[in-house]
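Following this line, the structures themselves.
In what follows, chain A forms one complex with chain B and a second complex with chain C.
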Partner chain A sequence: MHVLKRTGWTVFIGMLPALVIYIGIALVPIGMSFYYSFFNWDGLSPMRYIGLDNFTSTLKDSVFWKGVGNNLIMMATGLLGQLPLGLFFALMLNRGLRGIKAYRSMLFLPVVISAVIVSIIWGMVFKIENGMLNGLLELVGLGSWQQDWLGNPKLGMLSISVAYIWQNYGFYMVIFLAALQNISAEIKEAAVMDGATGWKQFWYVTLPMLKETIWVTLVFAISNSFRVFDLIYVMTAGGPAHNTEVMTIYMYNNAFQNMSFGGGSAVSMLILVFSLIAIYAANLLTRRSQ
Partner chain B sequence: MKNAIRKTMLVTASTTLITALAGCGGSTTDEGKENGTPANSPVTLTMEYNWSTPNVDNTIYKERIKKFQELNPNIKIEAQDIPSAQYRTKLRTEAAGNSMPDMFILYPGIEMDPYIAADVLMPIDEIMSNWKDILPEQALAGYKVNGKQYAIPTKMTFVDIVYYHKDMLAKAGYKEFPKTYDEFLDLVKKLKDSGVTPLAMGNKNRWPMQSTFMSAVGDRFTGSDFLPKVNKGEAKFTDPDYVKSLSVISDLVKLDAFNADINTMDEVQQQDYFLQKKAAMTMTSSTIDAKFRGSNSDKAAADNIGIALFPAVNGGKGDPTASAGVIQYGIGLSKSLSGAKKDAAMKFLQYFYQPELYQTLMSKGIVVPAKVEVPADASPYLKEMLALTKNGSAPVFDSVMPAAVKDVLENGIQAITTKQKTAEQLAKDMQDAQDKSKK
Partner chain C sequence: MHTSRFKLSVVHAFLAVLCFLNVLPLVWMVISSFKSENEFAVNPMGWPKLWDFSNYANAWKVAHLGTYFWNSLYVTVLAILLTVLLGALASYFISRFDYKFTKWAYALFIIGMTIPIHATLVPIFILMKKIGLLNTHMSLVLPYTAFHLSITIFILVGFMKSFPKDIEESAIIDGAGVYRIFWSIILPMTRPALATVIIINFIYNWNEFLFALVLINKEPLKTLPLGLANFTGTETKFQTMQMAALAMALAPVLAFYLLLEKQLVQGMTAGAVKG
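Right, the complex of A and B next:
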């Protein structure tokens, strides 16, 4: 009892620096953003209180909703592309094949590379002239399929999704791999004894044991999809004509290009609300299936 | 501990006061040091500029700052070089946070207005007599508000120069650049038939078509007084003339005049694409002339590149010989400067903008707004550029229109090039944004 009490305090004191930093660089700015969102402010002239005008004008702007739509595409890409792919590679690596370390680093590499470099690499893949993808199509006799992959309004988001999957699946792969390696060999042996092999083992033994991990990766995938910015900004800058614009780019243009800090703050508040809603929805879904 | 600090502060403050008094009425300084009089006490000035690209003029400016510090060892200039794309945002944010540098590059016209309104700039009228012989009134106008001068420019940038490969035009049957828009469209068709891209554009970052292309094309149709009139509410973007100017983009898109990757190529790639002769023409600023011709190591290729202005349009109200130009690189001073720091900054400006600066720029092929003698070693390319742009300048769109309207035009141009919008729809969107920004 005595010991417990003392640990409580030490834990608190140990956490204090991190807590102060967290409050200073996360909570306080969110609060300030919330405050600014009620003002008309260009950064220089006096701030003018305008109530909810920033929110209503943002919600009325079709470009904003285009951004929301594109964010949903990014979210779907994360949930349906990155997570399954990450799990797939984690299962492969978990089987203990020869040279596993080399494979592991190779598959994890995209996560380490900065988003700007990833964008430049994929920009080169999608280029019209001497682009890798178009070159490949030419090579296999599908020259007529050649495209302006990023500049085409219909294909822009799809192309970006491919780059987004490539960039991030490795992150989930590592999380899944860690979880898989935590499943003790005894459980697997027991499963095999009961006749559960292959798919059956995966479906009835491995997957349920990963439940908590999957929940964590879901939250990551959802919140990451709302934060995506640099990847798209470098590849297309949200263009052509807003076709690949997501909410963060919309916020950036509003706040820093058009110098409307109040409007930009309102958008950032909406991003926060939307991601909380999405995470809450994911929470409800997984709880129900439990 | 606290007491000790307070004591030191007091001592410092009083010594400062004493040295200031000892300086025989010399300007009092908040930066004064315990030893020495203010006249030779070291002063540090912070500065921010956007000269990060390796353009010839950027190198000249930086060398001048270095030289000034060598000549004035007691004045130190701590400079930060910020990429142009982030520069305006950074300065604006610093101004908002009350932490502006002492000296900074100031954009003229509408970009300067918010700083004036917030009263953070220091006028430099007291030293203007330095330049009364070499800087004409119209060269200073962009940095002058309510009779006060806030900066002076280094160079004049014409944003809408058409560069073309003479041999490629000759192959299409043109000995010289077309004089009218109809002939121009004809040229585009013939170039297209010969298998090259007629007009290279890299509009990924959105501003090139808006600034470079539409400033010139808009002016041809509407005349130079149109944009100021729109700002006053006396004209509208939905007026037929302006709509016609927007449909030039769709005319050219219909003819496949641009490179297919217009929306994913940037302005530097655009220049290289043109230099590699993948396109017969391109449109960009007069500053790039140094890269294309002046400092091009391939002399034959440089001589093969011609320059022209966007041709005259049928029934257009603008002067077909006017080029859209804007003055650049005025160094503004923070209003918070005082005493020795202010004197040092004024001294720096007087040194920086010497006639010698303008002559060095000219010898490197850069158009300057100052009336100085053209140096003997100026290239024929510069003389050609001076002749081409001598008929006054038309306004550059983004130096006149509010950011929100500019934003709509930029995205609208991309929408026209991807066939998602018509000129009429874009004109309406622009007018809506204009009406909204006035509120």
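Right, the complex of A and C next:
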């Protein structure tokens, strides 16, 4: 049928612009990153093939492993901070409460603010002089606790974690809220008839019904924790002395500060591998527990 | 089952306190932005003794906010137009035509939602340099479009698929071509989903930082997040002026959010939430 054939071409041509931009700028570069990672290259002089040297030198660098450790802290922050807090607020709001919309709007608000603005604001909150946190401590008579929250090597990542939780828990809250509202009233009533109320109902009825949603949020939280960049870059740029550096910042510094495009590409490949491993591990763990 | 009135008011009080704590950093910032630098140094917490608006005028000038606003708006709007137009067209073919080719294309677009942009940064920088787009608005418009086509197509295909099968039939009998059907029938019907897609694209593009950091280093071309990060990094002495700049940068997003919250939340969580 020649009409269909003609439509086939029309369809192809219609999709072409979207495909070209998408493949050219989103997909092909991943392959190019992989390719670059085997070369010594500053973007100007000729590329020199060096095999796995970029990878071995990165894996030998203690600063890189500091970044990996901090990424794990960000992951734990997401999994142990953002998800439970999101679930908690979703459960709080999932009842016939007046003003639920206002509460939800306020709790979700940080999600739509740019990470740059979030980190500048939190940078001011944590500031040693005239910072909000130190000011609050003074007000409640805990002035002796005041300190340089981001500069302290022990507290730097913890402070960043607080800002990271603030920025994102609302996202998970909304996801959980939607899932909770999909649980039918009949199931809850049946649970109450069987004597399951409060914690029991949550543990034996609600939580199992959220399994699918929890899995999705786990994957989101893990992959997001490997992508954190703006928040830390603007707040501390990874300092002081690499104390708050994460892999993406290490990658950026490598590629665009030291002009080592091969080295930077190798790090970006490692980030990809690490986050895939983390997601795979989470998959194994949750399957085993089911 | 009725929760007792007492218990409800406890829940309300509890939630109100937590919500207040949640927005406290923002409230503190806005209040402080009306203080002079001197007053802020002496009294960083409480209300300003004198509400001083001069920080706003100064910040607008010193921080070049006007330039950054304009750049952000230009890049954001252009990228939205491109993303939504090309995305809608692709979604139409994917959702209404049953070729093997369209299925493959859909799968390809969906993969994009999992790509970490960091893995593409170096090649995109080199690409933009080679084609001479480095330090132009287009160097941002193209990546923004490429990376947001995935979520755009995901949402639009889901919506267009729900239209009844025979919707195009009479149009075909009347002799309308494929593009005519897209433009006069499908696109108008897709309006609610288009709104969602435009809103989330706006938020993503307006807030983007990493591409701007790598691809733009000329002052007159910087977008709002890049310009702000730069400004607060250099003018560290003038905190209340910085706060005024932040408040101004925050205002449009805040207004946008409060007006269009429902569609924004729907869009941002699409894919994670079914239905």
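What we mean here is this: the second predicted complex is superposed on the first by the 264 of 290 C-alpha atoms of A that agree within 3 Å, B and C clash if a C-alpha of one lies under 4 Å from a C-alpha of the other, contacts with A are read in each partner's own complex, and residues count from 1 in each chain.
One rule holds in what follows: a residue touches a chain if its C-beta (ideal position, glycine included) is under 8 Å from a C-beta of that chain, and two chains touch if they have at least 3 such contacts.
Computed from a predicted model, the values in this text were never measured in an experiment.
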Superposed partners chain B and chain C on chain A - clash or fit: clash
Superposition-derived comparison: chain B or chain C, residues of chain A touched: C
Partner chain in contact with A:202 - chain B first, chain C second, else both or neither: neither
Chain B versus chain C as contact partner of A:43, first or second or both or neither: both
Partner chain in contact with A:12 - chain B first, chain C second, else both or neither: second
Contacts of A:216 with chain B and chain C, given as first, second, both or neither: second
Touching partner for A:256 - first (chain B), second (chain C), both, neither: both
Touching partner for A:151 - first (chain B), second (chain C), both, neither: first
Which superposed partner A:139 touches (first chain B, second chain C, both, neither): second
Residue range of chain B overlapping chain C upon superposition on chain A, of 27-35, 81-89 or 189-197: 81-89
Those residues of chain A which chain B touches in one complex and chain C touches in the other: 43, 123, 129, 256, 261
Sites on chain B touched by chain A in the complex: 89, 92-93, 95-96, 114-115, 117-118, 120, 204-206, 260-264, 278, 403-404, 407, 411-412, 414-415, 417-418, 420-421
Partner chain A, residues of chain C touching it in the complex: 1, 3, 8, 11-12, 14-15, 18-19, 22-26, 28-29, 40-41, 44-45, 82, 86-87, 89-90, 92-94, 97, 99, 101-102, 105, 108-109, 111-112, 114-127, 129, 142-143, 145-147, 149-150, 153, 177-179, 182, 203, 206-210, 213-214, 224-226, 228-229, 232-233, 239, 242-243, 246, 249-250, 253-254, 256-258, 261, 264-265, 268-269, 272-275
Sites on chain A touched by chain C in the complex: 7-8, 10-12, 14-15, 17-19, 21-30, 32-33, 36, 43, 89, 92-93, 95, 97-99, 102-103, 105-117, 120-125, 129-132, 135-136, 138-139, 166, 171, 174-175, 178-179, 182, 192, 213, 216-217, 220, 223, 226-227, 229-230, 233-234, 248, 251-252, 255-256, 261, 264-265, 268-269, 271-272, 275
Chain B contact footprint on chain A (complex, rising order): 42-45, 63, 123, 126-129, 148, 150-153, 235-237, 239-243, 253, 256-261
